[in-house]
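Each chain gets a letter, A, B, C and D, in the order it is written, and its residues are counted from 1.
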Amino acid sequence: MIRGAKAHQTGCLNSHWIIVMPTIRLRPEDKDYAISAAIPVTDPGLTFIYGRQSCDTRALEGGTIDVGNANYSGQEALIIIDDVFVPFERIFLCGETEFVSPLVERFTAYHRRSYVCKSGVGDVLIGAAATAVDYNGVPAASHIRDKLVEMSHLNETIYGAGIAASHESFETSAGNFQPDDMLANVCKHNVTRFPYDLARMAEDLAGGLLATCPSEKDFKSPEVGPILEKYLKGRADVPTEYRLRMLRLIENMTHGRNSVGYLTESLHGAGSPQAQRIQIARQMDIESKKKLAKRLAGIPEEEP
Amino acid sequence: MIRGAKAHQTGCLNSHWIIVMPTIRLRPEDKDYAISAAIPVTDPGLTFIYGRQSCDTRALEGGTIDVGNANYSGQEALIIIDDVFVPFERIFLCGETEFVSPLVERFTAYHRRSYVCKSGVGDVLIGAAATAVDYNGVPAASHIRDKLVEMSHLNETIYGAGIAASHESFETSAGNFQPDDMLANVCKHNVTRFPYDLARMAEDLAGGLLATCPSEKDFKSPEVGPILEKYLKGRADVPTEYRLRMLRLIENMTHGRNSVGYLTESLHGAGSPQAQRIQIARQMDIESKKKLAKRLAGIPEEEP
Amino acid sequence: MIRGAKAHQTGCLNSHWIIVMPTIRLRPEDKDYAISAAIPVTDPGLTFIYGRQSCDTRALEGGTIDVGNANYSGQEALIIIDDVFVPFERIFLCGETEFVSPLVERFTAYHRRSYVCKSGVGDVLIGAAATAVDYNGVPAASHIRDKLVEMSHLNETIYGAGIAASHESFETSAGNFQPDDMLANVCKHNVTRFPYDLARMAEDLAGGLLATCPSEKDFKSPEVGPILEKYLKGRADVPTEYRLRMLRLIENMTHGRNSVGYLTESLHGAGSPQAQRIQIARQMDIESKKKLAKRLAGIPEEEP
Amino acid sequence: MIRGAKAHQTGCLNSHWIIVMPTIRLRPEDKDYAISAAIPVTDPGLTFIYGRQSCDTRALEGGTIDVGNANYSGQEALIIIDDVFVPFERIFLCGETEFVSPLVERFTAYHRRSYVCKSGVGDVLIGAAATAVDYNGVPAASHIRDKLVEMSHLNETIYGAGIAASHESFETSAGNFQPDDMLANVCKHNVTRFPYDLARMAEDLAGGLLATCPSEKDFKSPEVGPILEKYLKGRADVPTEYRLRMLRLIENMTHGRNSVGYLTESLHGAGSPQAQRIQIARQMDIESKKKLAKRLAGIPEEEP
């Protein structure tokens, strides 16, 4: 029987199962909390309290422009677990406190390496910024091209660390592969920084209309629509509506529903920035680096 | 008689007057556009098409928590000017195309220097992040203190350039003071960068609950409220509601209504980043700097 | 009678006087160290132990090219003070431990504000980089222009904070003006960062020849000189020697004698980076910023 | 028969062979320059004109402290090729201008990926900074630890992109593996930035004595040595000489002989920063990213 809560559960409502596990190392006397188990999301003992997101109610207005991304979004919930019974075959840990710490560390390495997924979101944002620039009708100025290059460089830097963490994984006796802990943390740590830079550059390229644009309803009204069509026109051969659609997608990713996933979750998901720094400190093997330096500086091995 | 549109007008609905002026240098044949004049916002020839902001409809929901900042916000509008007559005493420029370029440059210097105001918004965000940390109930870890210091450092760097631009202003023959053009642009250019860094650090300090927090209605419901009270409690002596209020204020400034003013407008208001770079290039007086270098390198003055 | 040492004394050998003072707050029992006094550099009780600088011996080789900057440089020394007698009229503090702390703080504010001088060195480096680009004979590519703009922007940001610190100074009862402590620290803190960025960009613009260039002696030898003249030629109308002179000046400022003053001293002079952060933390008045945030979030004044 | 010059040849004097190849795409009429061949460094037709490095003459002074790194260094030379005959079996390209462009691109990808080696140099610098901190005798302050973590994070970010470029390599029909072009350029582009940040942080941690330290000769003189021993002592149980040795190693890597390899060469070796940006622009496949964005924004595929 399990009782308690799981906070900040991204995507739990569109999952089939939730898995509970400890999040910190436990002492022997904490063994009642040393539980890992799978629970189906349909279990009647679960209650999901939905989290609010920026612009959440905009999704209920109808329309397909202002919402930014009419087909996809995510959600977070606080899950209340109220006396849920878990049969033995779905229990992975049950009181073995000595395994909690390695379990948390192994899970963390997987989870942080998995944040390479944000480079996929970054691809979309780069594409959106490039399209907004096209639609604005400005020529391909060098500073615009240069910002797209910088966005790509940062995005691929995230990608590189993620791939490298898997390349340097090791096989466990169970047969699965455990990613390199240092590189997994480095990947996630870059994710806590670069998406904010990409968001700023995307807004820079999109232009201020991103934040001052009138509503879809005005745009579709017979009275106001033609005025907006006239004054908000960008490139002559692009429908003004397309221009608005692209700006709303960028707004969605930098200030709206999906900015929760692209920005805040990039910071705090799989551990906040300081959590990675602690793990990098553990992995950085400073003593062996000191030895390299001492040898080059002509200091005997045995010195302090 | 004036006809046309003014886009992206921040705060126009709570102003008494709007002032129209050219935004680019004009040639003699453009003289019909060389107009600067004051129009009362109540002029029947004006139409204001309101811009949408992130989380705008949340302000209409009622309640005082989720809205983040229940008392203050801003707005942008597209202003349509439809055959507005302006009497002679409110006309400042009327066809004198030779004065357009200096008018734009002088206005720009004022406007960019005025963006020092964002350091006041930064003060609020620093205070909000510091309070959120207090309410989270974590001890004053060194990395938290260090992030508050970094936020203050960046915020005061904005302030310094603004103050310096005024200190180095010169008196015009009309008796007003014109800020230093280089420093005014440097001030604004820092504003296009640092608020994004402050927003990231504020979210870092606030914690992920910023983006996963359930609604005010859930919090006030007799059924769900006590559950949230229990699981979202931070420091024992702080009402959970205060904690939520502070997180919602930060959400408001980094993803919601006021992020339009603190982030996007900091980028694009008074000219996008590239506009400042062009002006810095004009002011940087590279030829005199080359002379300094040549003198120290022992290269004769008259060389290429 | 004073006895002890003063470390890291920049420019002491070309000064007329050295002034000694405490560097940390003292307790009453430390009163023998609560001394501030002026000593002429010619006092026989002083010994100056000269510090080495990168490329110091190059200055003794003769020639005017490889040395980079043939006329100006600086120096640091460790000063040993061996029973120096100071007459009463040159003593400014003598055992009054209660004044040590304000004395250090006031001096520190002056000293950190004075680091605005590095923006003058920055002007030279910007000019040198711009000239090296001219001499390389490449057209004025946009990315080159953009780096010069970025260098200027960072350099003027240093300048702005320095000017602002003086503008916001207050008059003491003695009649002198004490700079604003926060802005003086912000100025110095930017100095610990931006010169390193400027150095990187200057090297970027200069090109790799900066670090691979043969010697002045080779360049002037009848056998090797003409070969170098042929292969190291940049722009057709610029003597190759001028090109080398400018590269050597940049080397001098980024890896040579003057990099001590432009880089390392920018980091550690007037206090290392962390010293400014401590002072910014003291000045940032976080409690008043928390009040601003609480008021906007609708949290009563008297709450925790 | 080959005639011409090869500039900026790192490590050529300790190599057995030099390989010449074109560096830019050639037109059919340039076919005399479409040459790739191997030449032994002992060929009498080769002349090596040695490049100067910062602090090069310090290596000739004798002693083992001031030199920083008494056993290892590098060199660059300008190689003059004066009518060198190459037999057929050492010729790889001879007039086939159509292969020049792919040859340059393939070589560039290899070369840029190989710059992952600078993360090894970074390991030494991190170890040197950590040792200098130990020897300074200051307690392990949080800001010091945090800077070592940041140095490691940046250094491992370089490493990650390099490893990933190899992981995503493809096998050519000749059987060798060609690294991923985007990731190889991203690796090198990070190398143009992060070593400068690591150098700044290493100097920050080392302290100002790095740049003000008296000479080895003074340190070993019977008269001055004991004074230095007294005043430059750090931690009680560490010989002052060890402290100086470590500071000189850091000086060597940030301002001295090896800063040429760790800093300037990191910028310009295998192509200056802008060369990577051009290649990233070519690889970033902006059109496919635009399609992703259009699909999410609800814009039909066939639109502009």
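General observations
We take it that a contact is a pair of C-beta atoms (placed from the backbone, for glycine too) under 8 Å apart; a residue touches a chain by one contact, two chains touch by 3 or more.
Please read these numbers as outputs of a predicted model, since none were measured by experiment.
Common neighbours of subunit A and subunit C, listed by label, are B, D. By the residue-number overlap criterion, the interface of subunit A with subunit D counts as same, with over half of its numbers used by both chains.
Rounded to a whole number, the gap between the C-alpha centres of subunit B and subunit D is 41 angstrom. Separation between the centroids of subunit B and subunit C, computed from CA atoms only, is 33 Å.
Distance from the subunit A centre to the subunit B centre is 27 Å, each centre being the mean of its Cα atoms.
Shown for subunit A are the residues in touch with two or more other chains, namely 143, 146, 277.
Residues 5, 7-8, 47, 49-55, 57-58, 61, 66, 76-78, 80, 141, 143, 192-193, 196-197, 199-200, 203-204, 207-215, 218, 224, 227-228, 231-232, 251, 255-256, 259-260, 263-265, 267-269, 272-274, 277 of subunit A are the ones touching subunit B in the complex.
Subunit C contributes residues 64-65, 68-72, 123-128, 130-131, 134, 145-146, 148-149, 152-153, 156-157, 159-165, 167-168, 182-183, 186-187, 189-190, 235, 237-239, 242, 245-246, 248-249, 277, 280-281, 284, 286, 288-294, 296-299, 303-304 to its touches with subunit B in the complex. Across the interface of their complex, subunit A is touched by residues 142-143, 146 of subunit C.
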